[in-house]
Amino acid sequence: MSKQLTAGVVGGSGFTGGELLRLLDGHPNFEVEQATSRSYERKTVGHVHPNLRHLDLRFTSPADLESVDVLFTATPHGVSMEHIDAFQEAADTVVDLSADFRLSEEAQYDEWYDGHICPEYLDKSEYALPELNRENLPGADLIAAGGCNATATILGLKPLFDAEILSGDEQVVVDVKVGSSEGGAGASKASSHAERSGIVRPYAPTGHRHEAEIQEYLGLSVSFTVHAVDMVRGAAATCHVFPDDPVSKGDMWKAFRGTYGDEPFMRTVAGGGGVYRYPEPKSVAGTNFGEVGFEIDPTNGRLVVFSAIDNMMKGSAGQAVHAANIALGLEETAGLEFTGLHPVGSP
Amino acid sequence: MSKQLTAGVVGGSGFTGGELLRLLDGHPNFEVEQATSRSYERKTVGHVHPNLRHLDLRFTSPADLESVDVLFTATPHGVSMEHIDAFQEAADTVVDLSADFRLSEEAQYDEWYDGHICPEYLDKSEYALPELNRENLPGADLIAAGGCNATATILGLKPLFDAEILSGDEQVVVDVKVGSSEGGAGASKASSHAERSGIVRPYAPTGHRHEAEIQEYLGLSVSFTVHAVDMVRGAAATCHVFPDDPVSKGDMWKAFRGTYGDEPFMRTVAGGGGVYRYPEPKSVAGTNFGEVGFEIDPTNGRLVVFSAIDNMMKGSAGQAVHAANIALGLEETAGLEFTGLHPVGSP
Amino acid sequence: MSKQLTAGVVGGSGFTGGELLRLLDGHPNFEVEQATSRSYERKTVGHVHPNLRHLDLRFTSPADLESVDVLFTATPHGVSMEHIDAFQEAADTVVDLSADFRLSEEAQYDEWYDGHICPEYLDKSEYALPELNRENLPGADLIAAGGCNATATILGLKPLFDAEILSGDEQVVVDVKVGSSEGGAGASKASSHAERSGIVRPYAPTGHRHEAEIQEYLGLSVSFTVHAVDMVRGAAATCHVFPDDPVSKGDMWKAFRGTYGDEPFMRTVAGGGGVYRYPEPKSVAGTNFGEVGFEIDPTNGRLVVFSAIDNMMKGSAGQAVHAANIALGLEETAGLEFTGLHPVGSP
Amino acid sequence: MSKQLTAGVVGGSGFTGGELLRLLDGHPNFEVEQATSRSYERKTVGHVHPNLRHLDLRFTSPADLESVDVLFTATPHGVSMEHIDAFQEAADTVVDLSADFRLSEEAQYDEWYDGHICPEYLDKSEYALPELNRENLPGADLIAAGGCNATATILGLKPLFDAEILSGDEQVVVDVKVGSSEGGAGASKASSHAERSGIVRPYAPTGHRHEAEIQEYLGLSVSFTVHAVDMVRGAAATCHVFPDDPVSKGDMWKAFRGTYGDEPFMRTVAGGGGVYRYPEPKSVAGTNFGEVGFEIDPTNGRLVVFSAIDNMMKGSAGQAVHAANIALGLEETAGLEFTGLHPVGSP
């Protein structure tokens, strides 16, 4: 617990910004020096995030950026690229939670987003997901946290690639269910409680931008559809996989154990008795854990792979802190030990 | 409104039994003579169903079956087949809501269920879904209401068969999300509020029995996975379809209009603006309406077909009354006019 | 079913406006000629209200008001009073759902609201609640639907005044729990799904404007506190009453039967077995029914009176249609027969 | 962090038992040696509590009790008193979470419960709530965690007694709203998801047993009514207080600061801007924090005091660990530092 580093959060009044502040507050190695917010300047952090009322910290303007050891930037997509030079100047290590630096090729970025203004950073940034990219994180100066739905999907399917059950040419349908926190802290008619309660709403039937990350990091073009359902936290990916050759339960267990056997935040949950027999967002709500599991369809050999994360944790702020821990040579699990609650409602 | 018929409900204290009683109470042509319940004998119907407190009706023993014009039997699977002779004796028209008479072949039944004790009835019964089987319903004496998840799936995919976009050999993944009423009125640890709130829970990853109905009535072997989510009423099927040949939006609109253009209870919802751009269970909660819609994935030609119903209405009791209306020569929409609520919570 | 009248709705894109359109669409005596909306001019009614997709009706500008037999005005508070002359010119019968004409005295209005611009209408308007004011509704030309929380409270306590258990000088605490539809169709941070799910939030600890109606119509100054809870529809008032003299259960039953014995939309629910032993918003969701009930605290003689309504129905649009039926000499329950669903989620 | 103590949990498969195991697992001074369960003997702890899948611990029979330094007993009411001698023999410090030892007088116990079989323990046990009874906890060998609703109420009202705003003779109405976890891990029709979703259900209109604790520890006879609402965790008490003399906002702030100014787990939240202006269960979900706040009714001087806790933490397991920390001379906040999540759904 000796190493003490200073940290800042840009965009601290948003949902993932608040989650970063919560994690950094409880982290043994970080001291939060600054949290910026355009909308809540001079308000206390607890004014926006009631779970942080104990913090003696007020939001400052993003224009007044202070130097810190590590800067977490939780800005809307497109904003970080505008300020990346200032961010890099303020901190040796920048961890960005937007989509701005997730992809490594400009052509890919332009296909899925709107035109990158500093494409030279794209291949310099490191994708944050440790289960995918741990070896490149130590010493990284620009780290890009993955998209939540991409993260859930990649975590679910990676073992199949590692075990050569999948090569990238197969048919894979990914049907995702997400909570309302994924939409961020803004207000809209569609996200109002009366309109959004109790829904199963196709919000991205096709063309979801996270496909690009899956394409890049797994080398797989997925058939991707995202639904909004009635929970606050959580992303659950159901991956329907059609392998070329028959796969046994033993193959699958071997694949998942092989990939995640030593991972501190990954659990494989597949069958057994009781209420919680497969991955569920509820089981990991509030935590940096990811649950993955599977079943094999006896009628046609289809593999059904389930993956569940907390979109704001493993799918964003937790992943960012996890990557920063590795980048900075800290204990990998520092600040991320919370194991979740049972029972818990809409997590 | 002249024709007056007597009706009975076996299994009136369950969820679909209550829904039948509600529909029959508001139906211009039916008079409920009897509602049976093993557990609530002599209790008022309103004791169990608070929305029916105005009914002057008490549950009687299923042993004391009265003669009626039409008998709706909402029993657990396996019970109706034991009593089918008594049911047929009590009423000229029997509409069964269990799975006992949904399939037409014994071999199929035995593969998915436990062994049929009166297989001779299997090919005599008519599948209730009017959009599929309207022409065979008039005068039918044994009608079997479809399973809710099968109904949602069949409604979503039928236009593609009618328009010869699908022939039955294609790859089709159906990812279903359902509400808690699907589990029935019993109590279990998994269905308790604390354990079931806010979930995305894979409850039938593979091997769901409704696959058998889809196989029989569409001639399609689907890759079928069912999830429980946080709503009470509703079944939403997302069908990921990979047609052999490219399909345009125009083809799809033509297909859906062709199949459902004249159907009183079907709506095609596909895009447009506003909050409700695709089918959603919320939009049809409490009604006999089904919503279907689609999107085409530009990257690989995948068709994403959405279908949403109220599992207890279009997926069970409403379908049963709809079929009975047709069987008995009544106005097809009689007693089923309720158009639903907006806004409504977890429907 | 002979009498046919034309109807219009001003403010048809809001929640209560949509509810009015739904009720009028299903009403045997009304034909909707016009629905106005400033924000959704030229859009179909179904664009906003997915349950009304079958209606062939587009919103028009409120500036182009047509003449109708009855005009329902579902505008924000303060708007109706600006346009009351135009409303009265357009229709012989105007039913206003805002707070503008609920109180009869200018001084009272000014104390709770912001200054009335046409106070001469205050004592000309009739309070819509039939259980309170039925005798004054026939032929009324301006009717003001009550506030939902006031309606719930008045319905709960009226029997105690009728039976002289209360005189108006007693201590009465009213603790109200309401759903998100009460906040209307607008979007705000506080009403977003992520911030509003799962709450028990004191939103009007003191000073709620509905106190004024309770004061006027019951002659009782209540201690009034309103909480937002996780449901969409519903207002539940728990009234803690301290009578001067001991009251027995028999007295209470007599009081409630005396007041509501002949009322078509009121139910007294007090004890008994089963799950639904007292009034609950779920039991009346989507309906014009009100449930009232009570218990007596043996330790101190406190009366606990429960009252539950659907805030958008009995607490607004349903009450408005009920009052219009009486005003226009129609069947009192016409268009309001829906008895609700069981089970139903957050109603 | 030097002191290492062994701990056991009796009744580890229930909700509060699971919460204890979670807290003890993350506690720097405790090592869990044993968790008992009659129903889940030999199953892993993670089989029941999915958030504890990382624990290498299996339930054992309560008959095989091991010696530990501190034993937490989370049994149904009436069970602990049967086994208290065994518990005391197994551990020097016993913290019981049932109602068996909360009251100090046999007459009181018998009035509210069913007859105590070892009343001699009643006045030997210490009430766990540190904010009320901190000075008597060090060295205590039998500690009784308070009831959740009583805890919420006592925490809300204690400042008024400390500041002599209340003496115990005043009229106080306490209207409580609770989540489904309060009913425990068992299954019942009333607690099933379909029946319990979206409710405001009066579940204890009068006669709730927690009144007895409030009477004993505050010296106040309250008018107490408890409602079940749609959340999983949380108890929110709204206390309507009628003081004999006028009380100012300054008086109230002084009272709350005086009582809780130095308390590590108490926060006073009263007004201010933003979404979270008063105590809410959501704001403390998963934590040992209690929020209290107030408003003054200008019309009649009524004080409205709000109190919100997580019923399983501050209202049970968290309170138990907090008390154990004090009893055993540990850091008071050890193992209880989690500050909660934002946003969070039905907590």
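The first chain written gets the first letter, and so on, giving A, B, C and D; residue counts start at 1 in each chain.
Basically, a residue touches a chain if its C-beta (ideal position, glycine included) is under 8 Å from a C-beta of that chain, and two chains touch if they have at least 3 such contacts.
These figures come from a predicted structure and were not determined experimentally.
Path length between chain A and chain D in the chain contact graph, taken as the least number of steps between touching chains: 1. The pair with more inter-chain C-beta contacts, choosing from C-D and A-C, is C-D. Centroids of chain C and chain D (each the mean of its C-alpha atoms) stand 38 Å apart.
Centroids built from CA atoms put chain C at 45 Å from chain A.
Residue positions 15, 179-181, 189, 194, 197-198, 230-232, 275, 280, 282, 343-347 of chain C are each in touch with at least two other chains.
Within the complex formed with chain D, the chain B residues making contact are 15, 179-181, 183, 185-189, 191-194, 196-198, 230, 232, 345-346. For chain B in complex with chain A, the residues that touch the partner chain are 171, 173, 175, 177, 189-190, 194-195, 197-202, 205-207, 211, 221, 223, 225, 227, 229-232, 234, 236, 238, 240, 242, 275, 277-282, 295-300, 302, 304, 306, 308, 343-347.
Taken in their complex, chain D has these residues touching chain A: 15, 18-19, 22, 25-26, 43, 47-54, 179-181, 185, 231-233, 267, 269, 272-276, 280, 282-283, 285-287, 337-347.
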